[in-house]
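Which chain is which? They are A, B, C and D, in the order written, and residues in each are numbered from 1.
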């Protein structure tokens, strides 16, 4: 009797609660409800923080292109956040058609969750990275600390801002670029490399959790003498305040390859594979490459690269595959718990 | 006498400076940054489509969370004050527990329960029910972080009120709802409203838990606090602070309403 | 059966709603979380939570949360005192401001505080000149935690102080006790329980706080790395189990803090015969 | 040096529009136990609090031990105060409560121990010294409050409604105990009460307050027998108010031979002699005829309510006499009436008695 009464009440409350939630869930946004029906008019690109301007422009162009070609009106949605966090969300159930993340390791995580083919990297040209960038230094006007290359960063009088490689995908490129420089300089003597990297991180004043946070610490808060940043981010900061900053190109750096991939299980379920493929292919088209270059990413397309060559000075660039044996290995060697990065801080 | 005055003045000074430095200055800074590029830019960043959508979503989530928590708050406070039963103290501590849980972890709770790794996921998928990375998830996360507020406000008041009136009504044969509506509610309505205002304020500002379950889809699952983060990460500081100032203004309105309510209740009591 | 003894009707109904709601929104999700992470096994759990870096994260979180809660305890008492006992222009406004940290998204608070306390900020400049690093240091973390914890102590102490009967104070005054002695011996013991409640809540909140702290913390390992950041770090490496392990220990520790303080309060009231 | 231990001169005190004290004047001799008696809101507690220094008078002077204390803070007046709610420090043990005043005087530990134990012995709570107030009964708490107030050996003890919160049976015992104890200690004491029985039973002198004024000061017997004002006459004792006393036999003219028509008065039950018939009546001629409305058994007597000339009077009848019941006729002789004139009370004896005595 008692138990029965409880059940009745519980069932009643459950139905009210669920009904109300579904109502707010669907009624709150009519477009959302539409997408459930027609299935294909919504498209979600889950990306990382610094691509916001890039994809805002790209989606607009591609949307017009797609409409002209097929007559379909697609609503392109963007989600931005830390690269790792975004990969996690997709793995946890955020229904992305495509992911455009900061590094292959994060896309691997989505693949590991069973949402896409394990060899997604081979699906598109250039390691599925339609645009690239590299790691440069942003210093204050006049370069008062006279920072020219990586070895200046281990000087005692230099204060550095760089995000935490453990929480920021982008920051892992910074770390690997520095590693590569010291590796070449010390002829591969790992202990010497570690010593230098350790010195470098001892100079870090603020270890922000994300790349954009680090930029803010450097630009807005006036922390540090040098910001280790992606080239696109550095150019953006300099463009906003040309009189305050200078970009310093180190002698050697890494080729940052932000990865793009189709989330197979989602597009197959929604029936958006064609659209997703067209979307990514468009990134490789001259139009797509032009948009990337305009947003300070180095284009793969030779013609577009030539056009923007003043913006992207040449320097020696190594890839993760060449220097570190791919992302899985790099991650394991350097960034997992107990890896070289943790050793820096180990007591 | 003179010493008393000195103590009084220094204490007031201490209290005011503490609040000024810890609270007012940050708020002034928000206002200053929000208006840094003039009022037009300020108004623009608030009326822009995505900001408006975020505002609507925040209000929806807040209303839903407050509604459910009010029902729960009243029921649980009633339970904890009108009856004696085994495990009552334990239940009271459980209700307080969400205070002790990091909002980020609270968000993860729901990901684990309704996300792709959950055994429930195939079922939800088959039924086309979206919970996490959609509005229901945001509401759930908001409810979670504001769960104890109303109960905490009501319990002391209802405890002080005792059970005599309700027991008298029950002995005359009134049913539970009648007793609640006619006897209990008039006694607790101000405390209830106070709890509701606090719950509302907290619900609007929730960031950590919502951030985990939202999916950050612009114009769809971005609440105001998440929108602020995005604007900030776009280096659009003026807009970020402008939107933040809206939350401050909402909060201030809520607090003014609360003070008005308190003032009215006091007036009413003194009139009796 | 048990319900038949209750005089006021509605026991089963309110118990039903409460238990159902708690289960759906709190207990089941929490169990799901714990269950998911239980796959890691005891060995991994222990090795994760006893890692030196994690331990230091706990230490920073607990220390800063403790100091912040203590500062809030001190000022909470002063604020309640000033708001209840004195009348002065602006008292209402001061009173109204206290709840604001609840409403402001923690991230906004964190950003605003970082702007204020960075070397270029209004207050950071002053600290900088004094040679104190305010933002990006444990001090910065503490400042952020003070901000989010302001309402707890004041809102718990204030009503008790307001409802305090004046006779005991008058009695002490008649013995020639100074105002300070009266406060120490007569008023403070009455405020101790709500103070502890507020302290515990501010402390628990501070341990788990992430949004406002990351901006101002500096996040340097072994210096300003807080436990919630370490959870995030684990998550960034897709190490859900490790994150859960850190989170579960934090939850347990906060819960223990709440329980200990709760227990102490009950013990104190019981010892003095005020509660059974 | 004044003859009074405590003296109030021309005290006025208002709280907003409410006048709590109007031109208060009185003096209390050393060693007396004085009751401040009045209805609630009559300003008696305010007087007590002004003496203690917990309120300041708007005007007038307060003297304690011959010294003007208006500007002396409460803690320096040497006063022990027992609050109505006891105001015990609930987070201190009984011992610490009593010791509180002594620790503030920086007495050494041994002295404090001795003194506190003495006092706890005196109030009969020696074995409760480690209990907390919440663990004591109302009467015990009252005694702790009393001991606490006495500990620093005050010159003057003030008690605000000391028995109000105690149940009836304990209250009786406690009153006796308090009176004896205070008399033994010889400490000048003032207590506030709204209960006339309490005041009459405990106090050496009574001060009656009404609407912020003092109505009368005197010993309980004096006040009972010779109330100065109509308020006192009505407030003290069991009284029946009359609007016009002239209708009763023997009270048609005043002492000064003027008519009493329209003059009000008060009759106490003990002023009435109720007889079942003429044979029982001591003054049958002067008696009025009445009708019994109700009777109440009161243990040692019977209260009889009667209607006499349209007024409802009540008096007592011995259990020995013939019982009366509702509806019976009875003879009522009124021995005396307090008659009012210009708010002053005079005792008017029944003229029949005088006549009778003349006749005899």
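Miscellaneous remarks
To be clear about the criterion, a residue touches a chain if its C-beta (ideal position, glycine included) is under 8 Å from a C-beta of that chain, and two chains touch if they have at least 3 such contacts.
Note that the coordinates shown come from a computational prediction; the quantities given were computed from them, not determined experimentally.
Shared contacts of chain A and chain C, meaning chains that touch the two of them, come down to B. Chain centres here are C-alpha means, and the one lying farthest from chain B is D. The distance from the centre of chain A to the centre of chain D, with each centre set as the mean of the Cα atoms, comes to 89 Å.
Centre-to-centre, using mean CA coordinates, chain B is 16 Å away from chain C.
Chain geometry summary: the mean Cα position of chain B and that of chain D are 57 Å apart.
Each of residues 68, 117, 140, 232 in chain B touches at least two other chains. Across the assembly, chain A contributes 17, 91, 213, 220 as residues in contact with two or more other chains. Annotation for chain D: no residues touch 2 or more other chains. Checking each pair of chains for touch leaves A-B, A-C, B-C, C-D.
Against chain B, in their complex, chain C makes its touches with residues 2, 6-11, 13-15, 17-18, 21-22, 25-30, 32-33, 36, 75, 78-79, 81-83, 86, 88, 90, 92, 94-109, 111-113, 115-116, 122-123, 143, 146-147, 150, 159, 179, 201, 204-205, 207-211, 228, 231-232, 243-244, 247, 250-251, 254-255, 257-259, 262. Residues of chain C touching chain A in their complex: 1, 3, 12-13, 15-17, 19-21, 24, 51-53, 114-115, 118-121, 135-136, 214-215, 218-222, 229, 232-233, 235-239, 242. Of all the residues in chain A, the ones that touch chain C in their complex are 2, 5-6, 9-10, 13-14, 17, 82, 84-85, 87-88, 91, 109, 112, 164, 166-169, 204-209, 213, 217, 220-223, 331, 335-337, 342, 345-347. Those residues of chain B that touch chain A in the complex are listed here as 53, 56-57, 60-61, 64, 67-68, 111, 114-117, 121, 128-136, 139-140, 215-220, 230, 232-235, 237.
Touching chain C in their complex are the following residues of chain D: 52-54, 74-77, 79-81, 83-85, 87-92, 100-101, 104-105, 131-135, 148, 152.
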